[in-house]
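As structure tokens, the structure follows; a few thoughts come after it.
In order of appearance the chains are A, B and C, and numbering begins at 1 in each one.
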Amino acid sequence: VNLTLAEFLALPEAAQVPLIGDQAVLYASQFTRSQIDHLCAVADAARRLHRSHDGAAWLGSRVPHRMALNFFAQPSTRTFMSFNTAQAVLGLERVSVRDIGRSSMSKGESLVDSIRTYVSYVDTIVMRHPDEHAAGTAFWTASRAHRRLRVGGREVPVPVISGGSGSKHHPTQALLDVYTLSRALGSLDGRTLLLVGDLARGRTVRSLAQLARVYDDVTLLFAAPERYQMLPDITGQLDRAGVRWEVVPTLEAGLPHADAVYMTRIQDEWDGAKAGGHEAAHPDFRFERRHLDALRDHAVLLHPLPKRDEIDPAIDDLDDPRVGYWSQERNGVWMRVALLAWLFGVDKAILHPLQT
Amino acid sequence: VNLTLAEFLALPEAAQVPLIGDQAVLYASQFTRSQIDHLCAVADAARRLHRSHDGAAWLGSRVPHRMALNFFAQPSTRTFMSFNTAQAVLGLERVSVRDIGRSSMSKGESLVDSIRTYVSYVDTIVMRHPDEHAAGTAFWTASRAHRRLRVGGREVPVPVISGGSGSKHHPTQALLDVYTLSRALGSLDGRTLLLVGDLARGRTVRSLAQLARVYDDVTLLFAAPERYQMLPDITGQLDRAGVRWEVVPTLEAGLPHADAVYMTRIQDEWDGAKAGGHEAAHPDFRFERRHLDALRDHAVLLHPLPKRDEIDPAIDDLDDPRVGYWSQERNGVWMRVALLAWLFGVDKAILHPLQT
Amino acid sequence: VNLTLAEFLALPEAAQVPLIGDQAVLYASQFTRSQIDHLCAVADAARRLHRSHDGAAWLGSRVPHRMALNFFAQPSTRTFMSFNTAQAVLGLERVSVRDIGRSSMSKGESLVDSIRTYVSYVDTIVMRHPDEHAAGTAFWTASRAHRRLRVGGREVPVPVISGGSGSKHHPTQALLDVYTLSRALGSLDGRTLLLVGDLARGRTVRSLAQLARVYDDVTLLFAAPERYQMLPDITGQLDRAGVRWEVVPTLEAGLPHADAVYMTRIQDEWDGAKAGGHEAAHPDFRFERRHLDALRDHAVLLHPLPKRDEIDPAIDDLDDPRVGYWSQERNGVWMRVALLAWLFGVDKAILHPLQT
């Protein structure tokens, strides 16, 4: 397939997916159920191996002499640090570009040329960018670039991983979310997830909703102020995939039915520059301390973080085992280890370390 | 002890110290004489080991597969680079957060939540922060967080090290200062230290003065413009600890008595935004070239650096062996190696490498 | 030789060169033909070694337990990332200073004191700075500083490498350019190079022109708008060295004679703050797609990058083997490996790895 960049970007997501193969991580939708189960198993295996000194040393020599670029054109703490730690776990060296003003883009370089340049120097690119086409542009550019890596006996392009692209996609967050849900609930099959907050612009919650299709018999409940409700592009996908979804008027209305509550923050950074201050969460969509009484015993409370006032901060002082968002962060390290291992062809070795 | 954050922060420093134990470095006052002597010995041992290829390789595998966060919310070159090198010496991987605007704090995250997040991804936090409660907040948060490290057979919180907290504390600088003084003078016992410059807001000189109590028969001379004189909180501590101190009218007045002269810069960054320019040092508290004639032969001239005009720059071209501030910088690397080794339980191995 | 900084900086370049020796990389003019051929051979050897797992591991243990500082006071992507990867290839740890506002210079520290400080913490300094005397200042300061490294049985100062100094010098770029030309053309002897664009302020093209003198029978053609023509300091050097050069009125006029075309961008960052926008390339000095027809079959099209509109972006989609600027980037990694290897005394081991 020899498409121009414009032609590739004009393709619908579903038509891009087969072109991506195992060369990049751009969309939650590119992963099948068996791939996701495999990645979760690799994440678990890496976590266990890392506990012992010898296991950590073995993991740390899986991808040596490789350089990862963490290119974050938007603020990030969690995704940046999580990838950074995951790369270190596998023995990748790391460099970052976080300030466009200090890079050659300030001299008028195009994104395509910047990616071509990165490909000259590094062996994988993790990128967060406000432009929703940025990660796709990077994948297409890397796949046609001059430099190839030798990975598992094949010549492959420098792999690109989206760490958040525009307001639409955050695939590695979605994968760490289902990894967290699997660990907390055993399986997602047959579960009801209550998604709360800014569903319109929360790329994490959008990507998570997209993953529901791979599980059997999942129900999604959407609780959001009307202007922040889940958009038709996602509900359409859910309808086509036969995933049950329902709008509930408040967090409280959905709470008794939920196996997991997934809170999100009002993404007001997309509202443009404002004179200070952040938009407060609507009272109907805040998780208060009293809501813990209505939360089912086996259920889990998640949040992609950072949070503001949409979860009562007093909840963090209670040591309630259903509060899962801090473990969710740590799970992100292991899921990203799994994704990097997959792209660099060492995932199977991590699953079966004794056989290598 | 199960205090809330507010309760912990409301405790006086002396009541916080027993709660800190060997889990954090927050105050110079937390260290006893024997601990300081031990840290100086570890610093010396690490320095010696690092000279040989094999010794450096052995040191560099003491704390492998661990990630250090250098979180500097204020400008820093020395402390940042010094910790960075110290971490590399011990084999720690490193990541930094230096620009709040590019982190999740720009999305309204609280410091407590930021620390909880860091604890998910890294294995130690070195932090510099303008808020004098920041390091204590980080220690308290880490000590109650979900994630524990296995260090020397114990489960411990992620250790926090203050790299400068508000205008009050800079404990690792104080430790490297006494390490430098010990190397230059043999011992601090019975010595007279002349402290010059901005004693009110110089957190380095304040922390150093606090350490005087652990030595026998130390005399402190304070030479400063009246508005920058040592504050009563420190002189009160000195009085209670029985440390002799005296105000001298000028640098020159104290010079003939000093075994060490500790110069400091006017800390005008605490004066708020000013339209360009820096406050000049008062002539009575500048170290001029002619002062070298009055400086005792065995004495040492120190400065926490950066310096401006409070030391005549021509002095740097003289190769006078009493000019100690450049070695003082390098000593900081080894003292920080010692502190990290202590927190990660490898200090004794470094002192006695043949026995491991 | 015991010169003050002012005396050293007042020396002409040719008089500075013998003082630099093998302790720093400041000027393209400091390298002889045989040194350049040697560096190109080391670069080739490192590139070959890095292809195998064992070779990469061997390379990665050449300069262990050393810390490199990448001090970039001006925006850079290529030079920064290229040095970063080169350092990692040889096993150097890395730290960077890229924002003066977050360093101690914001507290009024002089450049000399900053360099003295860096020398306390790191084992080599790569620096880019707008002041054309900055790299020389750093070399002089490091050469007189308190700290020495043990390299190959000698005590040497911390080596300084210019990564671009003022508008005048960019020696490592010039070396990677002749390395690229050598790989593309076999040898530079007898070749004609067409240099196009901003020859007045392009430090890469100026440094490249300076290197022409070491080759036999090279001809330089200069194609530039009059205000951006090559300055007399360089043409004077060429005249004295007996290098043929000629001004051609347009790119097109020089094209049929060229073995290599070296395009450059209008360096409008030196024009001071402008209200948005970049100066467009003059049509007579843009490389259009049609120019590929006139470009000789064996010739190569280079650019130090980043590029803007001076090369038609459509050219990048053609996979024309004469388009050499992307390989030129990757060549920079290997030339910088060679330079670091030379400064740390491991260049000969890389050339003859079996003998070590």
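One rule holds in what follows: contacts are C-beta pairs under 8 Å (C-beta built on N, C-alpha and C of every residue); 3 or more make two chains touch, one makes a residue touch a chain.
These figures come from a predicted structure and were not determined experimentally.
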{"item": "Chain copies touching (subunit A, subunit C) - same or different residues, decided at half shared", "value": "different"}
{"item": "Copy-to-copy rotation for subunit B and subunit C - C-alpha atoms, rounded to a multiple of 5°", "value": "120"}
{"item": "Geometric centre distance via CA averages, subunit C-subunit A, whole Å", "value": "39"}
{"item": "Residue numbers of subunit C (touch at least two other chains)", "value": "99"}
{"item": "Subunit C - residues contacting subunit B, complex", "value": "4, 64-65, 67, 69, 93, 95, 97, 99, 101-110, 112-114, 116-118, 120-122, 145-147, 150"}
{"item": "Subunit C contact footprint on subunit B (complex, rising order)", "value": "50-51, 53, 56-57, 60, 72, 75-78, 81-82, 84-85, 88-89, 98-99, 265, 269, 278, 305-308, 313, 316-317, 326-327, 329-330, 332-333"}
